[in-house]
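Beneath this line is the structure, given in structure tokens, with notes to follow.
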Amino acid sequence: MKTSGKALAQKVERIEASEVFSIRSDELPTWCPGCGYFGIHFGINNAIQQLALLHHQVVVVSGIGCAGRYPFFSHTYGLHTVHGRALPVATGVKLANPELTVLAVGGDGDGLGIGGGHFPHAARRDININYILFDNAIYGLTKGQPSPSTPVGFKTKASPQGTREQPLNATLLALSYGASFVARLFAGDPEGITRALTAGIRHEGFSFYHVYTTCVTFDKQNRTWDHLKKSVHALPENHDRTDRGRAIEHVLRDNDSLGIIYQESR
Amino acid sequence: MGARHLVVIGNGPAGKEAAAVLRDKEPESRITIISKDHEGQYRPNFLPDYISGRKSLEQLYATPFRFYQDQEIKLRLGQPVAVLDLEERRIILDHKEVIRFDGLVIAVGGRPRIPEPLLVFQDLMYTLKTVQDANSWIDRLASVDSVVIVGGDLTSFAITRALLQLGKRVGFVFSEEAFWPQRCNDQILRAAAAKLAARGVEVVPGRLKRIVRHSETRFEIMTDCRHLEAGLVGAFFGLVPDVRFLAGSGLQIERGILVDEYLNTGFEGVYAAGDCAQVYHPELRDYWVSIGYDNALRLGRIAASNLAGGREETTVPPESLFCDQGVRANTSWWLEF
Amino acid sequence: MGKLDITIEICGMSGDGTIAAGGLLNTAMSRAGWSVLAFDSYPAEIRGFGRCVTRSRFGETKQIALEDSTDVLISLDDKQSLSRIPFLADDAVVLFDNKPSAHLAEGESIAAHVAPGMALYGAPFLDLASSASGSGKGRNLAALGALAAIYNLPLDYFREVIAAKFKSKGDRVVEANHKSFDAGWEYAREQFADRIRGIPIPGTAGEEPEKLLLSGNVAIAEGALAANVKSYFGYPITPATPIMEYLAGKLPERDGRVVQMEDEISAIGAVLGSFFAGTRAMTATSGPGFALMTELITHGVMSETPAVIVDAQRGGPATGLPTKTEQSDLLAAVFGGPGDSARIVIAPTDVTECYHYTAKSFRLAEKYQTPVIILTDFFLDNRVENLVRPTSRPGDIEDGNVYPAIADRWNYHRYRLTESGISPRALPGMEGYIFPATGLEHRQEGVPDFSPENHMVMSQKRRTKILSALADLESPVEYADPGRLDVGVISWGSSFGAALDAVNTAREQGLRVGALKVTTMYPYHAEEIRAFMSRCQEILIPELNLSGQLATLIGHLFPKDVIRLNMVTGIPIYPSVILVKIREIIGVQGR
Amino acid sequence: MPFDRWPRDIVDPQVNREKSQPIFSTDPAEFYYLGLNVPCQRACPAATNIPAYIRALFENHYNRSYEINRLSNILPGVLGRVCSRPCEDKCRHGETELGEPVGICQIKRAAADYKDPGHTYMTRLYAPLGKTVAIIGSGPAGLAAAHDLSSTGFKVVIYEAFNQPGGMLMYGIPEFRLPREILMHEIDGILRLGVDIRYGVKVGQDMALEDLLKDHDAVLVAAGCYASTRLGIPGEGLPGVHTGLDFMIRVTSGEPPKVGKKVLVLGAGFTAFDCARSALRLGAEDVSICLRRTEENLRVTGDEILETKSEGVRLESLLASRRMIGQAHVEGVEFTRTRLGTIGGDGRQQIIAIEGSEFVRPADTVIVAAGQRREPVKFLDDNHVEAETAAGDHAYVTSHPKLYVCGDYATGPSTVIEAIAGGRQAAGRIVEDLTGRKFREPVVRMEEAQVTDRQRVWDFIPRQAMPTVKPVGDRFETPQVEVELGYDAKTAHEEAKRCYLCYLHYEIDIDRCIYCRYCIDVAPRDCIKLVERIETNEMGAIVGYRETSHWQHVNAVVIDNSRCIRCGECLRVCPVNCITVTRIEQVERIRPTGGD
């Protein structure tokens, strides 16, 4: 229903006064309009603001890909590294200065493909970094090739007969790699992202956030907004997030539940 | 930007002349000419001779592009004006670019006029105002040998002469709407008809009722007295100022944009000159319109000079104005006829 | 208009369909009989970041370089196109959308910058497409339609290529695009009725064998297919990805496969493994991926395992300028990696050579048991030329493997010392020839041996082998009159076309100059190059890197310092730039 | 900043949302919003719900479309032909870059033309209140007031000086513009409510105003403007000189005056045009309309000017009449030239007659259509009552407590739609004064709307031309030939598609927006903005946006409804379904028992 002009104006003024967006950089993001990354960006920003982290105490490390651009749009320290190497670099940053809040961001190609070898070891090492995987199941920046999380049968120019490889389930991987904090999230639910991050950043150890998102430009068939909005749902209320085995069992059964799936108690 | 931005709409003789004078008077100002034509400035009065082959295309074009470059006049060709906003002192071009101005000379010239009752036949008649029009005439004349002229303005006599030179048969249906902006009176009409007939033109009596197209090169023209056939029909009812974009601007338009003897439109810094202007004559206590190349140049000069701070009056000897039914015109062509 | 030579440029924001429109234009023009050389540039980001430009040069004779002056500019986004203004010819034609979605301040429209003498054609592309198809997406096609009308281009070809391009998306998409195109065409027909230009239709239409529009990348893939490649292992990276995508559509029909690997390290690894087992395979990458591969490439050198690697160069270092052209990987390709690891490096200069050199590279790799690196660059990869479908040259694609003799069975030394350095290579599955291959230094049998003598001998063997390949590699080609030359221009890769174009113009102007094309980068034909140099007063080496990498590699063959012309602008070098330099060296003013 | 502004779980808000009840508001800010964003309805003096009736016609609900009109403007079939169309001047579609306004009026006519022949409009009737009101005059104002008063429960008696109802509709508008059966049909629909009408009674002459005031609880004077303004120049009394109104009354009553070959019409209003065109139909050969200013200033629509010129009438500008020439009969008019002067307070250039520029135009008939003014309805003592203009032009009350005025009589000559609106407002005033209650009041109705099926291609449909009788000669066969033929049903439907439906309000819910700009990407024009601030006026209505391209300062993505053309593209792409559509329109709230 229509909001009154006054209420709308006041809402905007409240947002302005809150300075909640001071966590954004000055640059308009270059992601395609409609990209799910905007939702993730929104969620991450709100978490940083909500936790009242000092912007200069936050470092965002990225690899290559559309998500690799992230540091340019965030009013924090940023390090745009090379393809697949965000995690080792983030590890170095955190070890060098444990005071910093370190966020490693990257896409599914970056983190599960070329950088897939770093993922288990970051989890094993359990350094207190936050790894946010923007999983749109496609290589967007290179114009739409299948990625390690692309489902079987997905057709692209590089896979005209449809992909044959089984997709990787990043949540399941993280659980089995021994990550001490695992959340599964959705770009269309920035509030959920904020909630998970506020918990995960406080978590002492490697926190992994698997975010389902979209590529509106190159994926019109699989992980679209419409499909995601229909399939995702909250974790069951009785979900026990302290039991790794049960968490794995749940994830094997249900690929679409969102929330903090596992957190090792410290 | 400290310098004034002076804009001239129209790149005809009046517009070009105005810009040149402005450059002379205000060396520091930014000057822009906006023209909807794609070609450079040409002499419309040479078009009949161009059709008959007595003038070349080169002779039509009056001012080379070099001139604008040397004078540092920005020439925007092929860019029609959509809106003139005198309140905000800005022009919105058809492609939505917004141009602000400090001073303005409107010198848009005219477009061929078709009287409203004949609008239904508009597509069947050729007019003559631009080089493209002339080229269309040349193309079509290659395959027809008879032409009917309806109307009867000053250009119609020039084209009739050109057609006779080309050996075409010419029929002429006078209209009381002819001699726009004047109307014909019987006396002139008889005199004109006699002159035309003496040159071998078939002057058709009666009022134009209908035009029927039988084929691309066969038209039937019906007056209330006669039917006749021709390969091409030309409409010559004078020009009306090409000022559709002025609607709602606040400028007063009758047969032209009404301006005072200093060519001011009543709005500060906004002038009109050339065929599109209707100028007040204090001595005659009436408005007059100018027709023809030399008049346009003169008005362009005066408008520019006044925009640049001068106070030059348009002085035309009353006796040089042709007057009929309360409408006066000054034309070099008239004398020729 | 006399002899046809027209450069048409389409410029827009990424997302405007600029590249697609350029592709359609090139295809249609090629079908209609024109010779085509086209090159697009687009930003790394899919949307938002930047400008897309397609430049197509059409002519009656084969075009070898792009010039810096544009005859026709189609502006799909004026903000982006403003940057193209300086490149417009004095009598250029500019098509633009005259109904943008918002008001523009003075100067923001391209119309503000079109000089008198140029011709401005305004048509509401967006509105035309929206009204014809309900969506503004077809604005690029409306623009093409207007272009086709203004130049009286043969309509059927456009309709055909549009149908072909969108066929896979269904009839409705085809129809929508046809409608947008027609809307542009009809609008222009009507509005510009008296400003139709027309250009001469080449007399060759329908007479010559049908020409294909090939990009360097597709030619490489086609060359590989001609050589019967079985596997492609790769990882997405601009500008090499199209090779993978093209092969992905072709290889499965031929019992082959494309495997997208998890990174470039695994890609080169799989290629080496495949050749080791006797099956032709390849990979393609660009600078950053190539850097990842260097270790395994040197492994291929050490273990004498064949491999075919395309390094599609882009702006560097590091991630660099993914969508810009540069020729700065030359020394890395020739010398990069640990140890003395000579390998074969070849660099085609045009699309046809992309085809032939790739086709041949498999045989070279097999025969000389070494990785073969094909150096291309963004410009060459993406530029499109139309040519008669190439077929492989005799001998190029034959099996190059040197198999061991029956006599050596049960007594086989994989790395046996020979005069040429080439040791017969057995393939797994051959009974009686079992050997270990290793990246450790090894004896003739293949077992590790770090003794001083052995390392010396085996290093020399590998070097001799590579040098002996010269006989099978393309010699430099001279383009010059006999006798003394004031300036000799040596160039390589995609820059050579511009060099030759400049030299041709200079010769027409009566200057004594010549060009030398070098396509074999390592080992190189020192004698032939020296022979050319010896009759030149000065040697000019234009190339797209800052340090002058070719000049560094071969400059020592010339007694004086060679003159370097280096540019790292991200765009191809234009003939006019080289011509100015030639005239400057000779001491003539102007172009 | 509270971070609990995510009042949702992950469900598609479009799917599970319950349809909410409409809200009614009297907040002035919402009225302001409507004025800015539904400009057609605001431009209509009677506040006709234009988008709603166009949409109804689009859905082929002709009856419904007619009824929506009927609710506000009482005489849709008549207005569909003769309305001055203030709405079309304000139509969004007519904004500079968007083409031409929707043919709102012609769609209205189509609704009237194509409703079921047997369709009867059911007026909501209240129980009789036992009070009576007399209305002087049965023109549009009187009829509208009679309609409202009668349906509210008053006994209404109309006193009409002529022998037929309709006032200017019957006597001022020629039949070629308004066929009489259409007019009578709609008048009957009003009289049917129980309105008594006495013909041939001129109050103040045939009957005393005092008697009326005695017999009725209120008297509403809606007697129009029937006194012709004279130019006050010599020779106006000559035979062959007519006033425009008298000329039209004689033409419409079937006793047309003789017209000569050359006719000059002095005047610039609708009447001047009607006179000129009627003169042609009476056999004149050369008809000119003489204007003091130029065509630029005419209130007449462009179509009307074009049709008039096509019939052969000439428009001549810059003429001020000085005197009529002639002895026994008019032979011509002496004019002076006028010229433009300085810009006056109205922003227009003053027009001054030039002394000494006299000249004569010969004429056989001269029609002076210089305007009308009211002829006061007088008491027996020759006094009459003035409207209390202090309370505004539409105050309707007079210094006499039982006497009210409306329509042209109150305002001076205006338009049919203004008269109808005035009549209805005067009726409301009377009702309130006599009962102390309000039965009707304007409110803003808001209701969540479903997405429309509008298609972008419809925005490019050109305005459908109104077919007229062609060739022009066929119009003169009888003076009754209606010149405008009306849209056929298909054309009307096509034209209806063009309406943007501005009554739909698109809004981004800031609480749910992820700032992804998908909507901006697909927007057809700069209608969605990245804003730092929203500017409001003292009422709290939005008046502007402070835009920014600095990511840090993008506090909201907002839809500027005054730029929005309701294409719906944004809504179709929004990934988080945060765009809502509200149908917002001004309606008349009817209180069953009346309210305060």
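Per-chain numbering from 1; labels A, B, C and D assigned in written order.
Keep this in mind: contacts are C-beta pairs under 8 Å (C-beta built on N, C-alpha and C of every residue); 3 or more make two chains touch, one makes a residue touch a chain.
These figures come from a predicted structure and were not determined experimentally.
Each step here moves to a touching chain, and the least such steps from chain C to chain D number 1.
Separation between the centroids of chain B and chain D, computed from CA atoms only, is 39 Å.
Here the CA centre of chain A is 68 Å from the CA centre of chain B. Inter-chain spacing, taken between the CA centroids of chain A and chain D, is 58 Å.
Between the CA-based centres of chain A and chain C the separation comes to 37 Å, rounded to the whole angstrom. In chain C, the residues that touch at least two other chains are 15, 99, 102. Chain contacts: chain A has residues 28-29, 31-33 touching two or more partner chains. Chain B has residues 92, 96 in contact with two or more other chains. Pairwise, the chains that touch each other are A-C, A-D, B-C, B-D, C-D. Within the complex formed with chain D, the chain C residues making contact are 15, 99, 101-102, 127, 130-136. Remark: chain C residues 96-100, 102-109, 111-112, 114-117, 119-122, 194-195 touch chain B in the complex. By the touch rule above, chain B contacts chain C in their complex via residues 38, 40, 65, 68, 75-79, 92-100, 132, 135-136.
Those residues of chain B whose C-beta lies close enough to touch chain D in the complex are 82-83, 92, 96, 115-117, 119-120, 210, 247, 250-255, 258, 260, 266-267, 280, 284-287, 325-326.
Of all residues in chain D, only 1, 3, 6, 9-10, 12, 20, 23, 27, 29-30, 33, 446, 448, 505, 507, 510, 514-522, 530-536, 540-542, 549-556, 558, 573, 575-577, 580, 582, 584 touch chain A in the complex they form.
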